[in-house]
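By written order: A, B, C and D. Residues from 1 in each chain.
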Amino acid sequence: MYSKGQQAHTMSKIHSLRKTHLPVAQNASGRNLNVPVYHIKGSQPGPRVYIQSSIHGAEVQGNVVIYHLLQQLQDQAICGEIVLVPNCNPVGTNIKAGEYTLGRFDPVNGTNWNRGYYYDEQAVHRFADTVSADDSTDAIKTAFRQYQADHIAEKLANPWGLGLAQQLNLRLQQMAVDADIVLDLHNGPVSTRHIYIPDYARHAAMDFNIPHCIFIPNVFAGALDEACFCPWWTLTDALRDRLGVEHNFSVEAFTLEMGSQEVIHFGEGRIDAHSILAYLNRRGVLADCEITPDSMTRVGVSLSDYKTLYTDWGGMVEYLARPGDVVQKGQPLANILNIDELDNARGHQQLLAPCDLIPILHFPSASVLSGTQLYKVFTHYHTLSE
Amino acid sequence: MYSKGQQAHTMSKIHSLRKTHLPVAQNASGRNLNVPVYHIKGSQPGPRVYIQSSIHGAEVQGNVVIYHLLQQLQDQAICGEIVLVPNCNPVGTNIKAGEYTLGRFDPVNGTNWNRGYYYDEQAVHRFADTVSADDSTDAIKTAFRQYQADHIAEKLANPWGLGLAQQLNLRLQQMAVDADIVLDLHNGPVSTRHIYIPDYARHAAMDFNIPHCIFIPNVFAGALDEACFCPWWTLTDALRDRLGVEHNFSVEAFTLEMGSQEVIHFGEGRIDAHSILAYLNRRGVLADCEITPDSMTRVGVSLSDYKTLYTDWGGMVEYLARPGDVVQKGQPLANILNIDELDNARGHQQLLAPCDLIPILHFPSASVLSGTQLYKVFTHYHTLSE
Amino acid sequence: MYSKGQQAHTMSKIHSLRKTHLPVAQNASGRNLNVPVYHIKGSQPGPRVYIQSSIHGAEVQGNVVIYHLLQQLQDQAICGEIVLVPNCNPVGTNIKAGEYTLGRFDPVNGTNWNRGYYYDEQAVHRFADTVSADDSTDAIKTAFRQYQADHIAEKLANPWGLGLAQQLNLRLQQMAVDADIVLDLHNGPVSTRHIYIPDYARHAAMDFNIPHCIFIPNVFAGALDEACFCPWWTLTDALRDRLGVEHNFSVEAFTLEMGSQEVIHFGEGRIDAHSILAYLNRRGVLADCEITPDSMTRVGVSLSDYKTLYTDWGGMVEYLARPGDVVQKGQPLANILNIDELDNARGHQQLLAPCDLIPILHFPSASVLSGTQLYKVFTHYHTLSE
Amino acid sequence: MYSKGQQAHTMSKIHSLRKTHLPVAQNASGRNLNVPVYHIKGSQPGPRVYIQSSIHGAEVQGNVVIYHLLQQLQDQAICGEIVLVPNCNPVGTNIKAGEYTLGRFDPVNGTNWNRGYYYDEQAVHRFADTVSADDSTDAIKTAFRQYQADHIAEKLANPWGLGLAQQLNLRLQQMAVDADIVLDLHNGPVSTRHIYIPDYARHAAMDFNIPHCIFIPNVFAGALDEACFCPWWTLTDALRDRLGVEHNFSVEAFTLEMGSQEVIHFGEGRIDAHSILAYLNRRGVLADCEITPDSMTRVGVSLSDYKTLYTDWGGMVEYLARPGDVVQKGQPLANILNIDELDNARGHQQLLAPCDLIPILHFPSASVLSGTQLYKVFTHYHTLSE
């Protein structure tokens, strides 16, 4: 007993849609594991956009967001190109351990699926040495893209090979390296919506409908957004230092956290897609589009004020403070049950907020060992305004 | 920053509380794994009650229920004895696979932790052959308990040994075998509260505050409730057949499903404990207690009408029908996303209810393979009345 | 740097080879998971043979055996048909947990991949009721095959669906149900070669080159071999009982355990394939073939004498007795290390053989909990002779 | 049926042995997880030695080595102190996934258990700034130890807490930080014995009986050996640079890989322990001891020549080249089976050595995905001589 939820997607007159499949891995049966790639080519020139979802296999809401983007883009006139890659990790999506998806790391060796992208700071400086003061921004941009693409291709051609996560990451990055705009769609464990924004592009906080914003420095820790913005940020700084010239390469990359893992929700996905359209419209990707960011309260923190609260005890936990709540110092965050102490007061204790904070996400299981990331929280946060 | 959630539990004048620890397994470090056992001894004679929780390691709410039982029993005068065993599976509780608890089966061999209890139908018949028409119910009860305890001890003493799950189950059953009332506290994946009731004790449905009741036949599939009621049910039938005598041994055993796994909730646990007290009060365990079952709507089904809806496709799922909802045939149960078909109508389909039903639980992850238990549902259900 | 290990397989004049792929499941990406099926059609009439391997995903040696069967059958004139299904569980093969393959059970729910085949004893009796005394063996055989195939198809068409393991099993059984000879290729954990033989076909022990033989009764526990021989055994008995007629349906099914899991070995696979050819030749599958079973020592036991030795302690183990060794009562089986007792004599103990035995397999890890299947052993075994 | 394998360990007159237990974590049951610590105090002054094993839970042979060290040290007169910590990771040891131990990384988040030790290069330089040219080596050593211990204690006291692996690592490091000699006992997957040696202490290669030696630079990647030697190496360099003084702090730290994981072997453990005693004797830990390193062939490589060979295909593998073999370029390393191609030459291919090499370890399962660490090999190796 099935019904189709939506009209079939008809080919738009104002842009073209093409679907391909890219092999990114091979399983023990010797079979290719592919990612679907949806290419939208606008009828007018404009930015190149790259959007992927589910590099962490249990973080699936982004797939629904891409579904809705494809629906909502049907009627839009597009300037430039948009490449959409849902479910970009066919290995991580399909590793079950119990009823849940063990999607955050390679089950063979623990490697986080989002830490193997390419960035080489020294290579950026070597490139900067080749730039002249009179080179145009466009010429530099074209040359630097090729330079990065060559390095990624070279890594992939390593005669000794590469680990699975890194192979996967680099093949995806080959599609992202040409983009002006890169959006990597994630989820937290149990989480409110939030976004990581490179500090140089902090104005972008006002362009999405996402209430919680984390501003991050020019530091590479392996993730796609960093791999996409660090080179351009570093190059911009290097050219300013070397040549005294200010180039604006207009490349932005963000990690969007679309709520909680292990869950898809079509209704929220429609809203998330709308938020992304508002941003894309501000960047000139949509012609004759009226979608603008909502007027809403947004709060921001520096990455150094985005704290992880680890347990130094094991036990069972009721999460009292919900993601997005405003919590004052001393208010309860969690109830803790200790099953060996049910006959005395240690059987039930409360964990209190060590300072004013907003919980952004919490651990998704009641059962925690010592050293568990119980909550990640905003501290010293501030309200953002245009 | 911690606070104590509750006053220390003071020793009651009207009963005594004792805590022991029972070793049930040994880990690879060679160390004992213990379960905590809380023994409450009433000041008056009465039934023996055995309550355990978390034999499935991720089903942790029962631990909170036992916490509240200990709190709420403080002020009660108890007739008989109550043995409370929270977190009765120290292996299953502590197996993490990703952030979740792989608590349903032994990770070594897949054995369900709730399928290794002892019941031997033929042994019941052999015992029945030894009973005379003039034996009193009490005498038979005492002798049969010893008979069963001897068989369990014999199994545990098997010179070739036993599997881990079975060892654990039998050690717990050694505590349960003497009880008149056995409650095994479980959770579903994402679940509303429901209870399994042996058909011969279907009146008990009105004694708990649990809205969904499944009536089960005299069939043993390995679980604790069955292992506790099948012998007495079979013995009662056998003595009626053999001797034409009707004995009422007043032994009841139930599996209570207290909502969803991976979650504890103190507020709901207080209500769950209250429901159990209402039942215990009706069975004469509490003296001078005014707690009675709530007046509420309860629906019931035969086990054969409690259906599992399996997928014959893989994909990503939004669960539209929530546990406890009344759903008509043809109404949507779930949205299904297929990431390879986002450019056509197969990208989003809806699964419709094949008949009138009430979903009781659903799979806890959006990502499903073919052959997944998507929903368990009541069909042909009816409202219960006293 | 790769070389081809073998000449390309050229199409034989004396039989034809065809390859197809059968979808048996769908993953969370919504993609079909297929098994490869190699069909060999002889130029002469003869028995139908069905051989599968790796229903337990980590038991991979059978795939090499099938590779060698395909090589060695190239030059044989075949009577009848042979269907070869390597790697018949594409889900189990591809579930990694750490470096090993979690291939024995469904990681979602613990269901053993080899326990969901179809057999219904009552249905056999209902069929037997329809047989007349003057029906020919061939006619009965044809009708009973269709009868079983219909039941399997009906189960697969269950409107509420089926679990993944059962779906997989039944789709494979649809290919096996027509066969006269069914071989299911498995491995033990760390294991010597052994074979399960239905007691009515115990003469077959001399037809394979497998040193250790377990004779099993007409009991169904869910495995493929049982699902294939129990119906015919039961039918034969039922027709004898009902009609006093002795039919020989010439259907045989065996589980072959080809050494240890997690390992493939081409050299041993060649020998294993040769052993299977000797058996097939004795059954008339090969024309003008000179391959005969080896003259070798074979020992056998009844299933009830094939014992599992479980631990009642946890610790770290050195396996002293190797699979296939002849061990006397009191000889050491294993060294046990307890890391908390290295300063006293309990730090190192030895486990001694409780009786004369031959270890057939042992647990593959040094780290064991209580309740671990440490060894499976032959007791009261005897040497077989023609 | 058990026998004691060894005489009870009697207290020696020439040193004292004390056993304690250190809590390093707490599980979801709220219970402490402890490591056993064996302290041997010599009757004469001498170096401090710290030896731990099994930080990766499946790498258990080191526990047997520590067992034999305790046996063999019974009769030795010890100068200084020896702290032995077997099974130092009670979490990792006890996580089963199937029959194997998922011991290499935290199952919750993938964190490698051997990457969370403390080292802060800048802190070393800050300390170096406080040293005067006339400070004695001993005074500097004492002060620097305290300095490091203070930093580790400060990290552990982080008010936001720390992850489980890091907590565990730092608690172990608190015991190691005072040592002059640190040995961290590991195993490879399927592996020959090898050792990681800091380049400044490369002479130590001749002091163990370990045939394969990897010389590593002053780079910290999180492991215990690096965390122990990098500070002293950096400090030595810094003081030479700043003050022109050459201090020899006589601190050495090594990772010893004692063969294959998932296996213990008492006979080889006795040999391994003897090898460690030879080293300790050379360092003055044993008085009146005649044990010297064996005369044997040892080969060495720089870390940059210790290569990992990753697959760029998935399939099933027979490992032809065994750990320790000398393999020439073009010789076969592995047979590869592709189950979809058994009817053509792609069904069986061989992987050939891309250069002259010695395999040191290989993947422990036949089933590999693309991006698997198939082999780790010595290239450009050389024979070592005194």
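We take it that a contact is a pair of C-beta atoms (placed from the backbone, for glycine too) under 8 Å apart; a residue touches a chain by one contact, two chains touch by 3 or more.
Protein names from UniProt, one per chain: A, B, C, D = Succinylglutamate desuccinylase.
What you see is a predicted model; the values in this text were computed from it and never measured.
Distances between chain centres, each the mean of the C-alpha atoms, put D farthest from chain B.
Two chain pairs are in question, A-D and A-C; the one with more C-beta pairs in contact is A-D.
As for how the two copies chain A and chain B face one another, over half of their interface residue numbers coincide.
Inter-chain spacing, taken between the CA centroids of chain A and chain B, is 42 Å. Chain A and chain D have Cα centroids separated by 37 Å. Per-chain CA centroids place chain A at a distance of 47 Å from chain C. Shown for chain D are the residues that touch two or more other chains, namely 27-29, 87, 93-94, 96-99, 101, 104, 108-109, 316, 339-340, 354, 367, 369.
The touch graph of the protein chains shown is complete.
Looking at the complex, you find that chain C touches chain D at residues 1-9, 17, 19, 21, 36, 38, 57-58, 60, 63-64, 66-67, 70, 84, 86-87, 93-94, 96-104, 189, 262-266, 316-318, 330, 332, 335-337, 339-340, 342-354, 363-367, 369.
Here chain D touches chain A in the complex through residues 25-31, 91, 97, 104-106, 108-112, 159-168, 307-316, 338-341, 354, 367-373, going by the rule given at the top.
For chain D in complex with chain B, the residues that touch the partner chain are 27-29, 87, 90, 93-99, 101, 107-109.
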